[in-house]
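Each of the next two complexes has chain A plus one more chain, namely chain B in the first and chain C in the second.
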Partner chain A sequence: MIINSNDKISTKQATASVTAMIIGAGILTMTRSTGKEVGTPDIWMSVILGGMLALTLGFVHVKLSQRFPGETFFQYSHAICGKFIGTIINLAMIALFILLAGFEARVLAELVRSFLLYSTPLEVLIISFLWVGAYLVAGGLNPLVRIFELFSIVMVLILTGILILGLQHFDINNLRPVLSEGIMPVIKGVKSTFLSYLGYEILLFITGFMKEPQKAMKAMFIGVSIPIFYYIGIAVIVTGVLTLEETLTLTWPTATFVNSIDYPGGFIENFQIFFIIAWVLAIYTTFSGALYIASMGIGQIIKKKTSDFICFLMPVIFLVSMIPDNQARVFEMGDLMGNLWLVVAGIIPLIMLVVAVIRKKGSVKKANE
Partner chain B sequence: MNKKIILFALALIISVSCTGCWDRLEIEELGIIVGMAFDIAHHEDDKQSGDNDQENAVSSDEMEDMEEGNVKGNFKMTLQYVYPKSMGGESSGNSIPQEPYINIQSEGTTVLHLINDVYNVSSRVPRYDHLKTIVISEELARSYNLYKFLNAVMKHPEIPYTCVVVISDGPASSIFELEPDLEALPAFEVNSLARVVKYTANRPRYITFGTLARYMANNRSFAIQRVSCENGILKITGAAVIKAGEFKFAGWLNERETEGLNWLMSDAEGGILEVISEKTGEIVSCWVAKDDCKITPVIKDNKIDFKVEVEAEAIIVEDWAMSFNAIKQNYIKEIETYMVKEAEDIIKTTLNKIQKECKADVANFGRTVKNKYPELWKNIKDNWDEEFSKAEIDVKVKLNLRASARKVSK
Partner chain C sequence: MFEWLRHRSKPTKKYRTTEIDEEHIMPIKGRLLANLDIIREYIGNSSDVVIRLLRPKDNEVMAAVVYIDGLADGQMIQNNIIRPVLQNFPPKKENLNASELLEKVKDSVLTIRDLKEVDTLNECLKEALSGNTVLLLDNCRRALILVTPGWKVRIPEEPISEPTVRGPRDGFSENLQDNLVTLRRRIKDPNLTIIKMELGRRSKTDTAIIFIKDIADPKIVDEVRDRLSRIDADSIIAAGHVEQYIEDDFLSLFPQIQYTERPDKVAANLMEGRVAILVDNTPFASIVPVTFSMFLQATEDNYDRWIYTSLIRSIRYIAVLLSLFLPAFYVALISYHFGMIPTKLAIFIAAAREGIPFPALIEAFLMEFTLEILREASLRLPKSIGQAVGIVGGLVIGEAATRAGIVSPEMVIIVSLTAISSFSVPQYALGVSMRILRFAIMLAAGVLGLYGVMLSFIMITSHLVKLKSFGVDYMSPIAPMQPKDWKDYIIKAPANMLKNRPASINTLNTKRENQRKGRG
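Now for the complex of A and B:
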């Protein structure tokens, strides 16, 4: 595929894409799902370890992509693994992004239905969301990364705001005792933090579009570090304010945490509503990114234009988002996806990098620059 | 051209059919609720039971039902609505002067029943987003598990976690019937009053609904502010003890006992220490400026005891013998010994009350055990209040007396 020069993106845009892709639905329930696994207030440690894992895998992704300048994962997977296995891997990747898009759309609908529109049918919420996402993706990569750039700033501002406002209710005693049951529960929790870190894989697909692909590593490090920082903040503040026991009882711990912010003077109230409206943007970026990558994947397998497949994907994503029949199943689906993701987007690229190095595929020189 | 017309028609149809009509709610149809009060409903024959003497207003067979776990209460909920016309200041000349609020009552056997019954008596759809105050009557707290009772309220997505929760010593609904004072609505009045904690120590720190949910999820005993109205004057002093596990009312803390509780919670700032000087026989009083309480668990022979070390600062305000002299060390030391004794006395009174009478760890001694001996805590946490009531607590107060900023003697 010839890359249009208009589709080139800057390093800053790549960084923002990583951040915007990572911050999404996961953060809303991260403290609860991780807390359930860990069982002690040491959730934040799992979050750090999960972040380290994401950084490591991001490193692998960038190394892999830099060996094949100007190509996306869907193209060089053939070069590394051969036509047949490459296609299977590509299909798995596409399936995962469809799953991610469906999940994000569903979580958004559940969130909006929980707090804003109580009786609006889920289908209506999801379909209208799909349309808006499709509209953005149809414009190609450049509008998409511009939206990433813009919204990632909004997300970072909102997160900073709620962390600062939450600080006054923070009680360090709620985080103690530290490591009361040793390090094992913390490690067990890493897996469930991973769902929140999904999305950094976007570098497998956009490194090829970067103006300066040699700076992809920098983009990855900064792009992943920003969410790590805010996730640690959220984990610490939410458990520090709500306590672990309370967090485990809440459907949307982060939203409830925002609800419990009690600003002295009370001239601003109901922060929760602002937070949820802002979070629609966060989920929107992740969703659009996933939709874009999935349609790009199909486009590159069949060697057609990306935008042709958006309309084809929309009903598929809609069906995926309607698979879980209740809210509990939605969260189950999230956990399952986190596990699948670890395999497909974690282990497979690692193996591919090893194979590429052994078989001397791709330009080694470029990678060493 | 034809295509454009079709697209336009399609867009029109979509925009008309997807406007979110499901959740349409006209602002004129909304009733904004700022206060919520829960009582046990009484019928004609037992109407006088507002008094404190008649504590067991629930009849014995009802009690049996409750012990079997059937929630078959008969509750009363009072909702305070904002009456928008008199809030906005647009006074239409000919209408009768109206309070800025309207109270609506509903009755029911469960909380959901209460919330639903509102639709039968109120023409406006209730919105709870701006709820400021929840008042629970002592009687209700005494007879029902508050965790079970408030669970439905906690699940309600509109009810903010920031509203203040208080316990009233009389009927809760009467709190909302008072003539409001400085604030426009009684519910606002209670909310603002409860939040004043910096300048007084005879009430515990205010509890928001979120805090309440947190304490209950953590199975922790706590003290909650007591609101009363005497002669039409709203007053918040003292505290009600809610015991963990059953989450029922376990006793009142009077002002002195609450002050002691605040000493233990490092919240005694604004408290008063009053003693009669042994030397002169006159009253000396101090204002507590700073309080820092450290609780350390001591484990000996499988028994948990505690060491309470308080470091405080106080300002000498009154000395009726007029012997005040901040330069004289002897004088300061002398007053200090009295004050230390008084402070220790206050704390010990409170400890006696919460350990022996209420058997509830409202001062959160449990947390120190949890932090220091997490292994041990796991075994005893379900039975902690019992364990706590047996603990021996050693109280030490270190007081640093200061003179007022203006005067150095007399």
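Now for the complex of A and C:
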């Protein structure tokens, strides 16, 4: 077989991977979950702060990865923390990604049940989705990042479309008063917006495969900034169109907002169904990315080929996705996951970077380039 | 998955310069009659094998010619071989030994254009079977192969499968040599390289790999040569046969090799750095590597003006989407998401479907299936009867089925729109894969509604993104993204903007235009 030079990931693809991983199920419910924490129409400020947090953590991740060129997180965690603690961290990481994959699959199934197929069992929806994801992931990293590249453009186009069309009912008064209760509620909301930013960690794992790893920082900044931009847009417009009070009562505020738009021509009714169908793409990218990283992690711990573990992971992810027994529990699980994530993918890499710098592990020269 | 199915036979020999019996090489013996006996043993049973013993008048040395009647040109053999040998043979008094005699005959007796010397009977047999004539001398351990092919050839006519409005009217014929000539006439570049191979242990089919030396990626050429030489089959009857052996993924529904009847198309593809494979006796050239977009580009796209071509191409892409997803979409809307249809239309559809006994999925399957049968039936029938099938089909599908209340008129519209869309795909091979996929997507829509349609879309995209054709990504230039190539993808930029060859294929020389300094 011929091996092409483009089997390594380009900077553009890395950027698209970050964007595609971040944009997922979160955007559908972000306004409600953050709105509950904040309690004022200043949701968008929390979104910005959450984005800043994601950028900072992303910065740490890239710095860390660049010290170990050609290696993934699962490999260099041993070098930094030693075999035992490294393995524990790796397992925690894998568990988180399994959790993320299960969560995404479940949210999708709930979404489909709410809008498309009212009586199809969740199991059928989830299993069919798992199979489609596993098919892609079995092909390895390259097809995956290509799908990221392709679908991230579709997502960005859809989001741009609904943001522009949504302006017609936009009422700036719904966003007022600004900071009526001070800055504290905004900061309280950051934690819950953070859930929507999950996925930027993919750079911990793919920097090693990049053609130009020194550009990983650029990929991270652009890749995270695109979702920040659209999240702010969605937060502003959804609260501006639906008002905060209504948003809090809706399960899927973004979908409801999409339905409120008058489409030119108006041939198709119930336009939100189209949005939801298109959003399967967004959830699919996040899901398959998480599945890939989890299987890669297990593969690298046991030192076997990555694709062999997909079949093993599928039932695990399925069981995880079936843990919550109703829709409210699903979102509780999401909040819990956000907290765990902050620890495992936020604080631990930071500590690891500090340790790596102190113990002078990895190539410092590469990192400074 | 399926690794065990993908096992290919290991490479054996690079070239098969072959023999009737591969291990057993038979040198030419001293005695002429012994040689003729061996030849008779192998091919003498056939009535068209001619073995003619010659006794020149001034010499006692015996000679023999062996050829196949009909394959070799009889007139030519009589005038340029048999007559000179009988009349002008070196006389006995010159006292030449056997090999000198052969030299003499070769240099000054035969009036034949092209010949060569061989020293095994295996080669003699092979050449005789290829339409050449073997000249054997007594006591001589070498033989002369005289090139005398002379079978009847079909005159190249306009390609039936790929008609054009503006393009050249000639197509390939069954003769490999003629096909190579048409290509040479189009590309007078000394770098146009032709490598010949023989495929098939028994059929010994001549196969040519054609590429332009300083454009095509040597890696791709080597890969093609390697895969061809790995074919270990008894016989290669046609190019389609070769394609099945060398394609990348035989489990895929999508064609990974493009075939064409048009020399101009092959020439254009060679210029983009691709490699063509021509098999003797097949009026089709196979082109590798291919990308998905190639199947949606017609030859004529290069001859028409760019605005028109861009429009037509985008229509083709829409047609592909329609022919894949339209029936499934309709089924999903009718059976799960009736609320999505605008109210006025929904009332109409509901009224029309009132008496229909089947659910939408069954209805769609029924109609699509009928259509497939009709298509298959009219394909194999002679043209005059084919039209009758069309009329019957049109009546059955269009009128009777609706009147009888088996299908709704909306379904007729959907099915015919789908059929028309699938006809607008310029390459038949892609149309076939779309037909199969359409049924799968319809099934998914029947089970999971629009969600199923979306999942199948994702599945197909994932598959296409994984697929490669001879190391080139099938979905390029959109995955991986290569915006440089978008000028000649869904739209086609004006000709003077297409200065580079496609970047999705590695080429040694990327510039198409403006290579000379001081121009433009």
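Criterion: the second predicted complex is superposed on the first by the 355 of 369 C-alpha atoms of A that agree within 3 Å, B and C clash if a C-alpha of one lies under 4 Å from a C-alpha of the other, contacts with A are read in each partner's own complex, and residues count from 1 in each chain.
In the analysis below, contacts are C-beta pairs under 8 Å (C-beta built on N, C-alpha and C of every residue); 3 or more make two chains touch, one makes a residue touch a chain.
The structure displayed is predicted, hence computed values, not measured ones.
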Partner chain in contact with A:Ser10 - chain B first, chain C second, else both or neither: second
Touched partner set for A:Leu150, first chain B, second chain C, both or neither: second
Contacts of A:Leu96 with chain B and chain C, given as first, second, both or neither: neither
Which of chain B and chain C A:Val280 touches, first, second, both or neither: second
Contacts of A:Leu117 with chain B and chain C, given as first, second, both or neither: both
Touching partner for A:Asp262 - first (chain B), second (chain C), both, neither: first
Partner chain(s) touched by A:Asn270 [first = chain B, second = chain C, both, neither]: both
Touching partner for A:Val132 - first (chain B), second (chain C), both, neither: second
Set of chain A residues, in rising order, touched by both chain B and chain C: 116-117, 120, 124, 128, 269-270
Touch list for chain B against partner chain A, complex: 18, 20, 22-23, 129-130, 157, 160-162, 208, 210, 213-214, 217-219, 367, 370-372, 374-375
Footprint of chain A on chain C - complex, ascending: 1, 219-220, 223, 336-337, 339-343, 448-455, 458-459, 461-463, 465-466, 470-473, 475, 478-481, 506
In the complex with chain B, residue positions of chain A that touch it: 114-121, 124, 128, 173, 176-177, 180-181, 242-243, 245-246, 248-249, 256, 259-262, 269-270, 272
In the complex with chain C, residue positions of chain A that touch it: 1-4, 6, 10, 12-13, 112, 116-117, 120, 124-125, 128-129, 132, 135-136, 138-139, 143, 146-147, 149-150, 266-270, 273, 277, 280-281, 284
